[in-house]
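Presented sequentially are two complexes of chain A, the first with chain B as partner and the second with chain C.
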Partner chain A sequence: MSRDTRTDGGVQGEPELKRGPFQRWVASTIKEPQKAYRAMFYVATIFFLATTLFPFYFLLVLALTPENAPLALFPTAPRFEVFLDVFDRVNFLRYMFNSLVLALSTTAVVLLLASLAGYVFGRLQFPGRTPLMLLILAISYFPPAAFFLPLYQLFTGNVVPGLSLYNTPGSMILPFSSLFMPLSIFILTTFYGQIPDGLEDAARVEGTTRLGALFRVIIPLSAPGVATAGVLTFISVYNEFFFSQLMNNGQPANWAPIVGGLLSLQRAGQFQVTYGVMAAGSIIAVVPVAILVVVAQERIVSGLTAGALKE
Partner chain B sequence: MARVHLQDVTKRYGDVTAVEEMNLDIKDGEFITLVGPSGCGKSTTMEMIAGLTTPSEGTVNIGERDVTNLPPKDRGISMVFQNIALFPHMDVYDNISFGLRLRNYEKEEIDRRVENAASIVQMEGMLDRMPDEMSGGQRQRVAIARAIVRNPDVFLMDEPLANLDAKLRVHMRTELQRLHKELDTTIVYVTHDQAEAMTMSDRIAVINEGELQQFDPPLVCYNEPRNEFVAGFIGSPSMNFTTGQLTQTGFSSEFYDVSFDTTGIDAKPGDAVTLGVRPEDVYPTEFIDDASDPTETIEAEVDVLEPMGDEIFVYLMLDEDNEGGMGGTAAGDDSLLMSVSPDSDLTEGDLVEVVLDRAKIHLFDDSTSLAITHGVSRASASAADAQSEEAE
Partner chain C sequence: MSTEQETGDLSGGTRTGAYASAVRWMENLSETQYAYLLLSPAMLLLAVIAFWPLLSTLRLSLFADSFAAASVGQFVGLDNYVAIITGQRTALLPSPFLPQALTVQALFNSALAVTILFTVISVSFETVIGFVQALILDQDFRGRRWVRVAIILPWAIPIVVQGMIFFLMFQPNIGFLVGTAEDPALLNQLGLLSVTPLANAQDATMIVIVADVWKTTAFMALLILAGMQSIDRSLYDVARVSGASPWQRFKLITLPIILPTVLVAMLFRTIQAMRIYGLIETVAGCTTVPSLSCLVVTTFNQRLLGSSATIAFITAAVIGVVVSIYIVGYARGEMA
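Take a look at the complex of A and B:
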């Protein structure tokens, strides 16, 4: 007896079942489970896209809606000049410049020190290696607020007379570096530990010191790891709020980063909160990071595929 | 070009002693091989010559300089590694010129030297290749070019052929010998493969458990092994060993006796000794004329035949009770490995009579495992009489 199934899912020889389109779809997915998986994939994707992208879209709506106009999902009379207003009302470029300088210098400090630490943790055997590593990782889980008071006292010259870092880049680069360093140390330790010993030995026999081997062989071969650590540090600093807001008085000349810029945009309107300009400022602030992620992602992926170490 | 001298070099890792009081005096221009089983300390010894590891005790001299505490880059050495260790992010030219560039040589000088080194290893025209675009043999040639381009005093090679396939390995072996003739540099070579050690080196340093066992030319190690370890390690297949004891009239064991002149042998009758004989010095009675000084016949049963083409390895069982199978191994006391010419018509299960060549018998003292004698001779009639009289 033929077991061929019919288009309606019924069994051959029985009267055709009366089914709606959904029932027919269900019947067909039972035959072809792939279909159901694909449907679930689309549902999940749409859900995540909506929850992540919608706030961003709403930020755009907020920026483009003119003051005093009612908010709507699709603004009727978008006002693009708001992006220029951002630069008119405050020195927003200077705030962005400050943020970039802070992020880049922190990244440089972190990469340099974390490279040395990563070399030690990843490639040398010494007593107490694991406890030290755990200690460093533990520090990264401390709440930044715990460090704030002592650091504030220190940086405002109340501990060492004459040493005042408040309102200077140092007051932010120092805490940022120590807070974000453990993650980079962890990443670089893993990468440097995977470089075969023979390559380092070869470099040392050929004429480098251990440090030379690190910079000439180990770091170039760990480029994807260094890029990852660098990008993560950069983004963390760029997005940092706590110390960024508290270690300066919010003036662009005093190295206040974008946080300070956005907060001063809030105060830019005389008597009302200027959501539109703040939203526009936020969007502008996102651009450098968005570009960095897109560029770095390609580099990291290409590095991961091309940098496979063959011995 | 320099001599290398290791004086009482010891390396400890915690409680583990990797190398114990190593003394090596390597002459200028000599090709020597450090050979031994895995984990015997040969690589550690080489790393101490290279400066990648600092000795716990002792001194290392290269040329007239004490280099014990110098970093690798200042020792005038170059090295070829087991895993080849070309820098994957540099092309062939950059790999070869790495050391020269670090030492700030002129561009023209670098070009000239790289060209020259590349031509020695026959890699001209491949200077812009990346390491992952080359075969294993080509990569190894580049690694050798990188090592010779700086004209080092000493050339260290840590199992450079271990990762190559068998055919290429034999080919590279002759190339390395040619290279040694061409460069006339001191070469220290590490391998666990005794065949490599035998074929290439001027002298072999046999190392076991961190201690130097023997440091002699290959054939001396082969013919006059200093102790049981060297005897068993050098030569493939391995030497046969039978434990027994020395008697008035020769050697006696559970499975066979061999009579020889015991006068002049530095051991007393009754001492526990091990008799060693190489497979090629065991002869079936049909070829008894090939043995220069045949012993009494020994009865045995043919267990397994291994035809190699140019010779056949015959595993013999000495113990009559042995029923064969897993029990009989060539390393055991109750078996004997014999190599015979391929036109022999032995078949498995045959009962045969074999003789040993007295001139090729080695005796080892069981208490020290040191060699007592290499080769014994037939007891003369009068000596045998004297001994029998003594016994009475």
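Take a look at the complex of A and C:
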């Protein structure tokens, strides 16, 4: 057993047992390490592309394959009508509409409230600033389950008589807003804090009101930050499961989002609804966020990293 | 600060009286008063929808279960906590909180054990794979933008779709990963999966872990990538000139600098993983894989309000413990 001493002083302790083409390849790459790193890079990239995209391809193949036909890598007789079947089975259009309305209205509420809060935390000095920020941060540590019981009782009218939000958009928009607002507050605090004081002062000297300076100077100048917070809030709400499922009875007329639609397809059982229809419904549900990812990927990346590395 | 000047008259000239007086009132507030005024809408929302429910959950957890109505029985103090942690309540709960025995079976039936198992395994895999993905995205190559889109895409899809994908993939009737008893698929023959994996606690937990790693590794990769890109590139030039190999450059420069970022990313993922609910509900159902959040909902569905609130609070406490472990570890790392 030989112990090769490397030029950098390290010791290579592995016994050399295998000989053959692999051995020769190893020998050549030791002389030219760049080649090995390049090869590793391509293998890893292709591996990750395959693993992340394969499940989507599986959904597509499953949707297009006619009932009772075996799955093939390329379906021979694709059946595109399956996408129409989804809309026949359940009121999928309404579920999608509900999801988009919930996501857009939550985003509007969050952007307005988080803009005011982000302005305060980013640009004003006042007693209690740090404790208040920590308090808001603390919310993100709690699981949705810890808020659920009292909110359910509140929204079903068991706390304040006559106030029943269950099965209405409010029962979801309110929890979504408070759950996802902290992230937007932190993103906007960072962006608003970076605007030079001089610009705000100039607007104030020109006679703009305090709020006017926020809405006409600070927010327009931080447009990328606002877009980032908006895109992340929209995606979070569209993807949310917990309150989306538990704050309505799953009926499209009662503002159930796509969680309700897909679960009702799944629970109808395979004799009522084929697996192909479930797969097609899932593909339709992914389309809005997939477009958003392609269009706004820079915003998503900067938002996620800014929000998380803030602490 | 110029924000305390009185300028309301300039813009208020043509407006109605009420608007002008509101503007003037706002202009004359001190900076502290103005700060609290702007914070009030956000704080009001958080007070009603976050702080009140938290305190209310804590209060509910101190009352006994009442089977009759949608409310709780009499005040029992910490009895619920004692009963759940010692296992006296197990017979009533849909799934036990702690493992009932030291067998694999019992481990996968216990809410606490399944949640911790899920969190530890999925977060470790996500960290390692996310690291490799970040190394790839850190390179300059053609088509980088599209590789990044492909890696982010699973992160951006609804949880219910993620669950649907893995529910369908492991359906016995579809027969691509899972065969039947007569015609077993490769994974069955290797003994890795039973022929009804979604009804088997162990198999279903593993499938849920794979699904979670598939979806959320991107989050880890993006955070680690941000850490890598904040490294001063001239450090690498110095290392290259002094003859360091790429591996040495990685070990001596990249790794130590981004370690804090990796820890923060792991903390974030751990908090999220401990809340797992929707994925399980879609893939296998909460009775097969009883995570802590699942147990809160199933207990609630059985009208055990006091027990449900207690488990919700224990879940929050477990997350709190994990967060403080990370913070202590982080502080220790900073000092060293």
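The rule is simple: the second predicted complex is superposed on the first by the 252 of 311 C-alpha atoms of A that agree within 3 Å, B and C clash if a C-alpha of one lies under 4 Å from a C-alpha of the other, contacts with A are read in each partner's own complex, and residues count from 1 in each chain.
Everything that follows uses one rule, which is that contacts are C-beta pairs under 8 Å (C-beta built on N, C-alpha and C of every residue); 3 or more make two chains touch, one makes a residue touch a chain.
Model, not experiment: these values are computed from the prediction.
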>> After the superposition on A, what does A:A145 contact: first (chain B), second (chain C), both or neither?
In response: second
> In the superposed arrangement, does A:V101 touch chain B (first), chain C (second), both or neither?
Replying inline: neither
>> After the superposition on A, what does A:A27 contact: first (chain B), second (chain C), both or neither?
In response: neither
> Looking at the overlay, what does A:P220 touch: chain B (first), chain C (second), both, or neither?
Replying inline: first
> What is the contact status of A:V294 with respect to chain B (first) and chain C (second): first, second, both, or neither?
Replying inline: second
>> Tell me the contact category for A:V205 with respect to chain B and chain C: first, second, both or neither.
In response: both
> What is the contact status of A:P196 with respect to chain B (first) and chain C (second): first, second, both, or neither?
Replying inline: first
> Of chain B and chain C, which one touches more of chain A's residues?
Replying inline: C
>> Touch test for A:P127: chain B only (first), chain C only (second), both, or neither?
In response: second
> Both chain B and chain C contact which residues of chain A?
Replying inline: 201, 204-205, 207-209, 212, 308-309, 311
> Hey, which residues of chain A end up touching chain B in the complex?
Replying inline: 196, 198-199, 201-209, 212, 217, 220-221, 307-311
> Which chain B residues qualify as touching chain A in the complex?
Replying inline: 50-52, 71-73, 77-79, 81-89, 98-99, 102-103, 131-132, 146, 150, 156, 163
>> Help me check something: in the complex, which residues belonging to chain C touch chain A?
In response: 2-3, 5, 7-8, 10-11, 23, 26-27, 31-32, 34-36, 38-39, 41-43, 45-46, 48-50, 52-54, 56-57, 60, 70-71, 132-133, 136, 139, 145, 147-154, 156-161, 164-169, 171, 173-176, 214, 218-219, 222-223, 225-227, 243, 245-246, 248, 261, 264-265, 268, 271, 274-275, 277-279, 281-282, 292-293, 296-297, 300, 305, 308-309, 311-313, 315-316, 319-320, 323
> In the complex formed with chain C, which residues of chain A make contact?
Replying inline: 8, 33, 37, 41, 44-45, 48-49, 51-53, 55-56, 58-59, 62, 70-71, 112-114, 116-117, 119-120, 124-127, 129, 132, 136, 139-154, 156, 158, 174-175, 177-179, 181, 185, 200-201, 204-205, 207-213, 235, 238-242, 245-246, 258-259, 262-263, 266, 270, 275, 278-279, 281-282, 285-286, 289-290, 292-294, 297, 300-301, 304-305, 308-309, 311
